[in-house]
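Structures are listed in the sections that come next.
Each of the next two complexes has chain A plus one more chain, namely chain B in the first and chain C in the second.
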Partner chain A sequence: MVSPRAVAADVLVVGGGMAGAIAALAAREAGARVVLARRAPGATALSSGAIGVAPDPLALPGEPLRAAREPLEAARRLARLRPDHPYAVLGERLGALPEALAFAARVLAPLLAPPLERPRFLATPFGTAVPAALCQRSQAAGDLLAVDGALVVAGLRGHLGLDAALAAAGLERYRARGGPRAFAVEVDPGLGEVGLFRPHELARALEPPGAAEALGRAIRAALPAGAGAALVPPVLGLRPEARVPERVAAAAGIPVAELLADVPSVPGVRLQAALEAALAAAGVEVVQGALQGAGPGKPAMVGADEITAPRWVLATGRFVGGGVVRRGTLREPVLGLPVQAAEGREAGVDLAARPAASLTGAARSGPQPLLSAGLRVDALLRPLDGRGRPAADGLFAAGAVLGGHEQASDGTGLGVAILTGYLAGRAAARPGGGE
Partner chain B sequence: MATRAGALSYLAWRALVAHPLRRLFRRRGTGLERFRAAYVAEGLGPTTPEDRAIGEAASACVACGLCELGCELAVAAPAVRALGLHAAFRLYSRSVAELPLATSALAACAGCDGCDALCPTGVPISRIVRHLRAKVLGEGAAPAQGDRG
Partner chain C sequence: MDYDVIILGGGANGTGTARDCAMRGLRVLLLEKADFGVGASGNSSGMIHGGIRYMLSDRHVTALACRDSGYIQRIAPHLLFRIPFLMPFTTRAAGATLRDRAAWYATEVYVGTYDLFQPLKRGKPSTRLSADELYRLEPGLRPGLRGAVTLDEWGIDAFRLCALNALSARAHGAELRTWTAAREILAEGGRVRGVRFRDALTGEEGEARAPVVFNATGAWSPALARRSGAAVPMRPGKGVHLTLDRRYSNYGVILSAVDGRQMFVMPHESESIVGTTDDDYYGDPDDLEATNDEVEYLVEGAASLLPGVRNARITRAWCGLRTTIYAYGPNEDALSREHQLHDGAAYGRAGLLSLVGGKLASYRAQAEEATDRIVALLGRAPVPCRTHEEPLPGGDEVPDPAALARAHPVAAPVAARLVYRHGGRAREILRLLEEDPRLGLVLCRDEGILAAEVVHCVRHEQVRRLQDLRRRCRLAVGACAGLDCARVAAQLAARELGWSPEQVRAELADLLDAGWRERRPILDGAQLVQEELVRGAHAAAGAPW
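Moving on, here comes the complex of A and B:
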């Protein structure tokens, strides 16, 4: 048993996913003493590892590669169509998006590739293309608009997670629209007897010296003439510092990129690991455990630690992270803040008090009030109480705990986490907290 | 026709002779003992309130697989690789009759608690694994180490 310990800080961040980590790093850079409390990995570790900011709402479904608008312009369009979306709620402050993305790219520099003016179009294992404003270095070479030559989808023998022929056939559809030619090949990762691998096991097995190089050589041997880049399953190492993608590409002699991941997502775990490394490097104190407390200025308990800070950033995520829970009705469990849901023009706390099952619709493409339920905030990211006033002094919220976006499916999840985390962290670093 | 008559006479024999005789001479005992005598042999043990609490805790699992990253056994032991411990309780925690299928995976758990802090939805994994393990290996079968009750 560790003895109780009192910790004082300027800013307490609750939640260690993308939103919490970016908030803590932004507050730290602004000079604040920051403590971050986190219970476990959340949605960030389950994401594809590529950062969706704003799919262009005017893009035609069959023509994703044409929607090459820069992220801020796409986010502004989205905000005009979706008045509850955090991008719309932020008003003028949405203009900080490029700065926030540049900040994230900088603090996660070893992992993330530098952003382009346009999104990169990355391939899923199902052969579709998804725009990403920021992505990992291991994913960048797969940008469908940048491949120079044919794109080779390399399935790995013994890995059940990818049907390379299916992916290649899907990608061929984009050829008429500016995408590359796509082929499928199968390569043997050379990992010996072990028959079938799960993604995490394969990723770990590729980390030791020699393993990534052997895979690279196997890819090289399988390449057809005219190959410009190879796409492999998203299994290139769990730990960023093992540098598996770089080693595979060097041995293959051509750019190698990972496909986007489904769960369980190796690149998502890598993103979470990179966030934790950045927090440690910046001098943010991370405490492990579920936080219980009454809000800014009052002591909060995390395990045996008692943490007091005048300003808090609540970045507890949605259903996966635990920031919003279903207990009959929808609740925010840390501070008991009202959860709002919107259905068509109707919005409010009453809706969230309905049985959760009544907040889903049968039409898959229609709005799903349950999936966009969360906290309502003002333009300064201060959570609002039932009457629309800031719920507590010095309290900010960021990331998926904010309502108004379907974070896991609308293509804005990690973008919202970065922008709101950045703004909330900087606001919380200022003693006045706010303007 | 013959089979039908045979079946009916078998049922009649059970209802009129075998069952009354068994009632006359059956072992006395509490309801639980009699329930066990009748059903445990078929793999259908009684569901205790603790079992129900464990089933409820396990139902928060979203099958994300993150807990396996912290479980060294899931990498090392073939039985656990084939059936991760989280899969064991996802598949079998509510189906007592099938729980024995997960025996080797459950038996491999070292009780190290490496998994709990990795679960996004807060499933008390090591507690559930301990409970299922005790159930399938016989009461009191505690993991080698690190059991914090």
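Moving on, here comes the complex of A and C:
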């Protein structure tokens, strides 16, 4: 039997993904005592590695990559088009976006590359480019606008995960928009039979001394003349401290970058690990387990721990994280808050009980109210009850638990988590909350 | 003339008839507007049953259906699986009325009589189970049942049945075009002379000429006939099935829906299938989706005997259109005739033969009858049918999965699924690993799909679109909804078919669209979580949104 432990804090953050971690770190920096409770890794640990603030909804299809608007301007444009989006709900607080991104880049400095004025354009396995406001250091050299010379897509011999020829052929399309020339090569990572390895297994195999260097040398040997950077599958080490990207690049003699990932996502695992390291370094107390409680000011249970804090940040994610569930009807399971925000006209108090087919459109692409369902908040990120009033004193929400956005349909995921986490964390750090 | 016969529709009847015609030496063209099996055939319950339903009206039909079921076991033994069904007695012995008892007795006699036909399809005789025995076999059944009778039936992967008939037809010289729709049936001087068609992928339009056209376009026939100045009367009915992520019963269970209609829950591989609804449908056959009430109806019905189903994870809802003979006859005769061949001569389309109705279970016999008619219309001397003797591709020398798994670097369940889907051809597929060990990658752990299987299907099974792999090897139809497998399969297909990066993305989008339409009405619980994952992962990796 573990004996019960009573913990008092200024701020209790529920959820350990990007939103919760940034909220905890922001509150901590503002001087608050912070406890973070989290059950398991959520969507953050599955993300591709690119941190999307917003693709510019008004960008013209063929416009030069250099013409891309800075992330704040792109987010403002999105907010004007989509009144339900958290960027729109935040009103003028959206202006804190650059500050929030800089904060995230600073607290996650070992992992993330510093932000630029413009988005970076990162390549997918299909040879398309995704604009990212922030990305991992292991990806930055792949920015289509940063490559000096030709971009070489290096497939790993014996591995099916990436078809380098396909990716390179796709990237060729961006040349007209200012992107580099792209070539495909195949290299032997020297790991023996890797054909049946999953991405994370490959990543682990590259960590031991010598392995990353061998891959780097193989890339160097395969480079065509004029190569400016090499793109490899997203498998450059699971643990940031193994420094696989740096070692591969040193041996290759040119910048080496990872492509974006689907699942299982090695960069996602690294991002989650970096968040945990940052929480530990900042002195946030992390409690492992599912939280049950009645809200700010009242004791909440996580395993045997009883935590009491006057202000809470709910950063429990959406369906993957468990912050929103559906069993016949949509529910927010921790506090029973109403789920009433979503993209499109379906939002409102009746949202939760509508049948699945009524909350989805027949065309897969485009907004799907069911997939973007979540909490409705005011501009201070206070969850609203069914009558549109703040549901509880001292309660804030951040990240994917907020409705009205969905990364698949509007490209906003981790960017929303960073901005709302930052704002909610800072607000919760102040006694009285809010302003 | 270019061909002796043009066959429209790539369902069981179209492909089965193409095979028979080709085996009898006719020059055959088959046009399928999408892919083999996409219509009623692939979306049927896949039961190769003996037509117990017709026993009261026409035992001849039952005998015929049972015999044909036996034939299908002979020509495609790998593709058939035995499903013992349980038909529980639902009322309690204590409160049973005289009528209940009479009904139990009638069921036993009924099923007992059916037993007489079982040897024809190598079925086991029915057994009467006590309540104890019943609960030992099916502990998930709700309490209070008095017992059951068993009923031996057979199931089949109907998509593969269509594809195998098509492949066999091709091997016998038939030309088959998928994603190519007949736009109009052409006629001249009271006779058909061919069809005008359009290839949906290349946009190519053309005409093909033949003195006989066999219209097996199922629920689409009335529209095609109208466009061609002909008429095919029928009554289309929509049928919905649900797939549950795991087995909720060890046997098939026959049960009653809220309105008293008969329904079933049956295990298929590692999943359960619940079926079906049956309602008139006069909408667009190309725009078919399950509705919320259909889903609810099926869940309610299934949960009435298997309460666990109420909390089941539904992974998809899929539908098809039955074509029932118009004005389903009050007289015995119309009832017993499961299908009709309409001759177009009546309305100035001599040489046009249209099929209405026609069960999956007796597709081979129907194809034989249609081919006899086609041969006669062509004025040729009769040639004997051999479709019940010659195995379908992979149907001969079906290997033992365990031995295959020992001889190749694959897990036993993966080998077993490969043998189920490909029979003897599983050996060829595994031989691909010798040249390229990477193809031993299991792309989908839900469905045990090997990379080699994808490559084999693309090379040899007339795959033109990525979504064709849903039907050839169940790509992205399992609970995972294409999370792991879709992108790599797209890359493999692209390499074989020379797709450009834009085409690969378009094909992937099309594959995801097809899955989305089947999941939209059932998204709940864990399957909704999976949906967020699938959308997130594919969007992040650059699939079109």
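Here is the rule we use: the second predicted complex is superposed on the first by the 416 of 435 C-alpha atoms of A that agree within 3 Å, B and C clash if a C-alpha of one lies under 4 Å from a C-alpha of the other, contacts with A are read in each partner's own complex, and residues count from 1 in each chain.
Keep in mind that, in the parts below, contacts are C-beta pairs under 8 Å (C-beta built on N, C-alpha and C of every residue); 3 or more make two chains touch, one makes a residue touch a chain.
Everything quoted here is computed from the prediction, not taken from an experiment.
Trainee: Using the touch definition from the top, say if A:Pro86 reaches chain B (first), chain C (second), both or neither.
Mentor: neither
Trainee: So, does A:Val269 touch the first partner chain B, the second partner chain C, both, or neither?
Mentor: first
Trainee: Which partner does A:Val320 contact after superposing on A: first (chain B), second (chain C), both, neither?
Mentor: Both chain B and chain C are touched by A:Val320.
Trainee: Output check: A:Ala290 vs chain B and chain C. Expected answer is one of first, second, both, neither. What do you get?
Mentor: Only chain B is touched by A:Ala290; chain C is not.
Trainee: Where does A:Ala362 make contact in the superposed view: on chain B (first), on chain C (second), on both, or on neither?
Mentor: Touch partner of A:Ala362: chain C, not chain B.
Trainee: Going by the contact rule set out at the top, does A:Thr124 touch chain B (first), chain C (second), both, or neither?
Mentor: A:Thr124: touches chain C, not chain B.
Trainee: Of the two partner chains, chain B (first) and chain C (second), which one does A:Ala50 touch, if any: first, second, both, or neither?
Mentor: The answer is second: A:Ala50 touches chain C but not chain B.
Trainee: After the superposition on A, what does A:Pro255 contact: first (chain B), second (chain C), both or neither?
Mentor: Neither partner.
Trainee: Using the superposition described at the top, determine whether chain B or chain C touches more residues of chain A.
Mentor: C
Trainee: Could you tell me if A:Gly161 is touching chain B, chain C, both of them or neither one (first, second, both, neither)?
Mentor: second
Trainee: Check chain A for residues that touch chain B in one structure and chain C in the other, and list them.
Mentor: 43, 46, 263, 320
Trainee: Touching residues of chain C toward chain A in the complex: what are they?
Mentor: For chain C paired with chain A, touching residues are 289, 291-292, 437-441, 451, 483-484, 487-488, 491-492, 494-495, 500-502, 504-505, 509, 512-513, 516-517, 520-525, 528-529, 531-533, 535-545.
Trainee: Within the complex, which stretch of chain B touches chain A?
Mentor: Answer in residue numbers: 62, 64-66, 68-69, 75, 81, 117-122.
Trainee: Using the touch rule from the top, collect the residues of chain A that touch chain B in their complex.
Mentor: It comes out as residues 39-43, 45-46, 198, 200-201, 204, 238, 263-264, 269, 288, 290, 320-322.
Trainee: Which chain A residues qualify as touching chain C in the complex?
Mentor: On the chain A side, the touching residues are 43, 46-48, 50, 124-128, 130, 158-161, 163, 166-167, 169-170, 173, 193, 195-196, 260-263, 265, 318-320, 325-328, 355-358, 360, 362-365, 370-371, 406-409, 411, 413.
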